[in-house]
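Look at the two complexes coming up: chain A is in both, with chain B in one and chain C in the other.
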Partner chain A sequence: MSAPDADLARTFEGRPGRVGLSLQGVLRGLMMALVCLICVVPFGLILAVSLGHKVEGAAWVWGFEFSNYTRFFVGALWPEQWSDLYLQKLEYSLYYAVIAAVLAVLTAFPFTWFLTRLPRAAQARWLIFLLSTLSLSEVFVVMGWDILLSNKSGLPMVLRELGITDWAKGNGIFDWARANGLANPRDFKFKTSVFATVLTMAYLVWPYAVILLYPPLSRLDHSMVEAARTMGARPMQVMRTVILPTVRLPLIGATLLLFVLLLGVYVAVSVFADPAQQTIAISIYDEVRGATLNAPFGAAQSVILLLTAGAFLLLGQLILNRRAP
Partner chain B sequence: MPDLRIQGVTMDYGPVRAVDSVSLDFRDGELTALLGPSGCGKTTLLRMIAGLEAPSRGKITLDGADITALPAHKRKFGMVFQNFALFPHLSVAENVAYALAIGGMGKPERAKRAAELLDMVQLADFGDRRIGALSGGQKQRVAIARALAQNPSVFLLDEPMSALDAKLREEMQVELRLLQQRLGITTIVVTHDQREAMTMADRVVVMSKGRAEQVGPPQDIYHRPANAFVADFIGRTNFWDARVEGGTLRMGDLRLTVSPAAEFMDGSAVRAAIRPEMTSFDQPMPEENRVPARVTFVRDIGSTRDIHIDTPFGPMVVEYALGESNALFKVGQEIDVHLPATAIKVFPAAAEAA
Partner chain C sequence: MRLHWAARLFMALAAIGVAMPIVVVMASALNGGRTMTFPPQDPTLDRFVEFFVSQPVWRAALWNSVVVALSSAALAVLLAWPIAYWVWRENDRASKTLAAMAALPFALPPIVFGVGLGFMWQVTGGLGTYWALILSHTALFLALPLVTISIGLQSVDRAHLDAAATMGATPAVTLRTIILPQVMPYTASGFFFAMVLSFNEFIVTFFVTSSSFSTVTLQIFNSLRNGFTPTMAVAAVTFIFVSAIGFSIVARFSDLPRLMGADQTK
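And now, the complex of A and B:
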């Protein structure tokens, strides 16, 4: 090829490249703008509101002060008086979310394991059923559990009618339940209790747990299980030494995801948790739409909840990175 | 007395019969290859021996004791899986020592034993590596060492070479055979590769459609196939249809003598077979069993030369090893081919290759 031809070729090679690049650039810019609009702008607004302050008898005004954050950690009357009320709420948020996430994953794991052992058609039917349960709103699910656990017509009534309550009174189980807030002097009672709150929260995310665990468990090489069996491992030893270590990363990942999801649960906590044991999510709603109407403080609590979730995810990421082979 | 014996073992998956009443004796210290095409039931049979599947019918005994219902973890037969099934969360040494850890052996003892086994499979310096950092051949050695860790009475291998490339496969076949001979362990290898079976096995069990078609030493199977399926599956074979006439074969106007004479009733339809390397164009050629042919294709692959010909009773291949003949063959060339009477095998037409 002569020198002018080569120049011409370079010119034409360059043109589509420039056009392609600019189109790509525009698309990239649009995507960034969309992400900003969906994620960054709302978060930025919440952050900005959290720095404002409430005007008594009115709404709130923009500002740049950290009083809402200090109130969260030390109370409104600090330095005269210290209060950890909101830290307690955060603690309950974390407590419920951790227990419910672990409970959901622990119960979903054996179910999903057996699900992956079923024929393909049966697996598909189960997965469709589980996905369809996700269409139920939190309100609907909580209503169901509310009836199921209600003191007069739910599980306590069933236990009483079956004579289990009387039987439990005779062998110390009832006393243990009373000591743990699961019974009144006459009957078992599950409302309000940590048990009912955590159970309902675990139920809410249980289908997610199955769906998160299904891919790694269905991909698990079953010949590893068989190899372990030929080497003398009993079924529980196979579970402990082969299956669980192999899927530990998906297990941790699923638990983390459900934990973050559960931090924001509102209806289940408002119905089943004792008023003194409610969470940040309830408090945020009260501040923004409920009785206290203090949007800047509600926004500050949202930011703290978000940062807490982020911190846990970061911690999880560190653990996963350290354990990844 | 044979160590391992299976009697009338049958496996049904619903209406499908995967293994059909197979009875075999696995002699102490011998390497037996279960050979057959995909879906012939060889892996199912191996899995039943390992205790990973329960037979629908039949009995499996080890040293006279019935182990048919014994679960896999109590049989403790060392098994190498097709994909090696190594544990990715454990190091190489931990994989090898897994059976020992399950058996309750102390950490120092099992580390010592794992080191010995890794040394045996020439991976002495690989104990601390992750499984993901190994090549296919190294993974196979680890799988072998792991399966041998518990000193199994029977060593089972399910298509152990299928994940390796052709060159490594050949090396590993020899290596595995030498190791097995050194250890003197009763070994059963499942393979669909007849070359692999011929290289490694003391005895070959050729399987088809869930049945054991023939059991014997590799050379017996090759030179004296029991039926058309075995003749077709093991090595290459030229087949043609014929009718029996006074112990000879009649194909239209042509007649071929067979030695020993074909023991079929006159007029019976049969399937005749001859190996490509047993046919020849060599001169001087006897008058008996001389067949006119025309060369259709010549394939020279270095170590052997295949001459494809058309005969009055169908196409055939004649094989010459390197240096066996210097004759030149051209496509379209008219030539006589000699089919030695002793090399022709005759099978009932009904027992045709699957």
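And now, the complex of A and C:
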């Protein structure tokens, strides 16, 4: 800001009358309008489109009907026939997300605890590493795991070369894997499987888990831990009686947030999940830009996913805020 | 304080787990043939030449990604600053509502936001334009500079502000001479966060560009249908480097542990 600007500003500040107030008011109003337009209006439009219906071809028209929602819950042919196809997709969304979120938090918790014990410079190096992987596009993560789990050069190959595959065939583990879709007649296979899907999803949010748990663990009062240790408590006892009770709420909050984040995962599910076990995110994609092309129905599914996410997010906020004064 | 050996082992294992898919992708970029195998067969740097020089599709995509990432991050910072400042100065209901609205897109599933943006640009006629994508990413990542700048504003030394007020500085002068310099590192961090995430974004980009132009992530997703190729792995390597450099700059500019919410006494 140059000197005349500052003078101008001083003039306004010096006279808290109409001019200064209205300029500020106009700026704030504009900012409100802009943020509302780009951040809130898109969500409103989804709701509006979901009440319309598809017409010939791929087009759609505005409307005011709830047929897309009834189709979601009971199927298009109801009441003659009842279908829970889309409820099943929603169920898979929740199923993958909950397992992956819990898995990520359970493994990230001890890691973050150790991380906060390190010297500050070392912490910064770890954080750079984690943030770099966190920002990595879903597309690349899926690409990496695709190679790691591929039959030719991934985990199945390693298991085969190490003789574990033959060993597993001898003691019934292989039969168990086949029954659970983790093997073909000759080898272990992980594409497509729930295992691969959940593993990749947990990997996707793992750095987020560390970052969410980092503040509460880092701010934990160490004198309490030391006091407990001095009084003769064993490390596991300290963990159970001192650390876990203080970070219980952040743990639950982090799990919920990651769960919400995972509800919308697209690439990992489309590559690793069995076609019969795909989620609502895949279905939305197909309706809006993919094979089925029914934008209003896709919008209705988005609204339902949004409401699901919002409900869990609210729950998480309530849990996290309960602790704050 | 030294960690127990088991703790260090656990951290090392976690690091290997996190690095494994990245290492595999990076190594695959060296493949001489057309297929992705690990370990790479007859290693070569030809794929790097293809990506950066000889294949215009990838070069154009890379250029689009860079332009969108830089402009959307800059816009996000420019928009986040007044919001954060307003919340910090007055903390009234209007400013809090504004901040909550600005954080909304980042908190909800991106596929839903992408679908909504797709409808919005379709209705306004902006679907498939550069500006639509830049504004979309601005909205999606606005929350990041908003958070870092807010943390920065909270860390401004109150004593400095009181001293300035006592000496008769107007709010505008205080803003320029005290607040801006102290919050600059946090502003830069917010910029890099938004930039790196925009660079890596896929699903919103997909719905907003409507196939009229492509970014690197989109290009990769399109080639995905023909199976992964080593040239795509080069793109991944580029991304990882851009991210690592971005966050190293953040760490250099500001106290990264504090930015991530570590306690301040240490």
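Just so we're on the same page, the second predicted complex is superposed on the first by the 280 of 325 C-alpha atoms of A that agree within 3 Å, B and C clash if a C-alpha of one lies under 4 Å from a C-alpha of the other, contacts with A are read in each partner's own complex, and residues count from 1 in each chain.
Simple rule for what comes next: contacts are C-beta pairs under 8 Å (C-beta built on N, C-alpha and C of every residue); 3 or more make two chains touch, one makes a residue touch a chain.
Note that this is a predicted model, so its numbers are computed, not measured.
By the touch criterion defined above, A:Ala233 lies against chain B but remains apart from chain C after alignment on the C-alpha atoms of chain A.
Once chain A of one complex is fitted onto chain A of the other, the partner contacts of A:Met224 are limited to chain B, with no touch recorded for chain C.
When the two complexes are overlaid on their common chain A, residue A:Arg117 makes contact with chain C while staying clear of chain B. Of the two partner chains placed by the overlay, only chain C lies in contact with A:Lys152; chain B stays clear of it. Between chain B and chain C, more residues of chain A are touched by C.
When the shared chain is aligned, chain B comes close enough to touch A:Val242, but chain C does not. By the touch criterion defined above, A:Ser83 lies against neither chain B nor chain C after alignment on the C-alpha atoms of chain A. Applying the stated touch rule to the two superposed structures, the chain B and chain C interfaces on chain A have no residue in common.
Interface residues of chain C facing chain A in the complex, by the touch rule stated above, are 1, 3, 7-8, 10-11, 14-15, 17-22, 24-25, 28, 36-39, 79, 82-83, 86, 94, 98, 101-102, 104-105, 107-113, 115-120, 123, 135-136, 138-139, 142, 170-173, 176, 196-197, 199-203, 206-207, 217, 220-221, 224, 228, 232-233, 236, 239-240, 243-244, 246-248, 250-251, 255-257, 260-263, 266.
Those residues of chain A that touch chain C in the shared complex are 1, 5-6, 9-10, 13-14, 27-28, 31-32, 34-36, 38-46, 49, 107, 110-111, 114-118, 120, 123-124, 127-133, 135-141, 143-148, 152-154, 203, 206-207, 211, 214-215, 218-219, 260-261, 263-264, 266-267, 271, 281, 284-285, 288-289, 295, 298-299, 302, 305-306, 309-310, 313.
In the complex of the two chains, the chain B residues touching chain A come out as 50-52, 71-79, 81-83, 85-90, 98-99, 101-103, 130, 132, 146-147, 149-150, 156. Interface residues of chain A, counted against chain B in their complex, comprise 221, 223-224, 226-234, 237, 241-242, 245-246, 248, 325.
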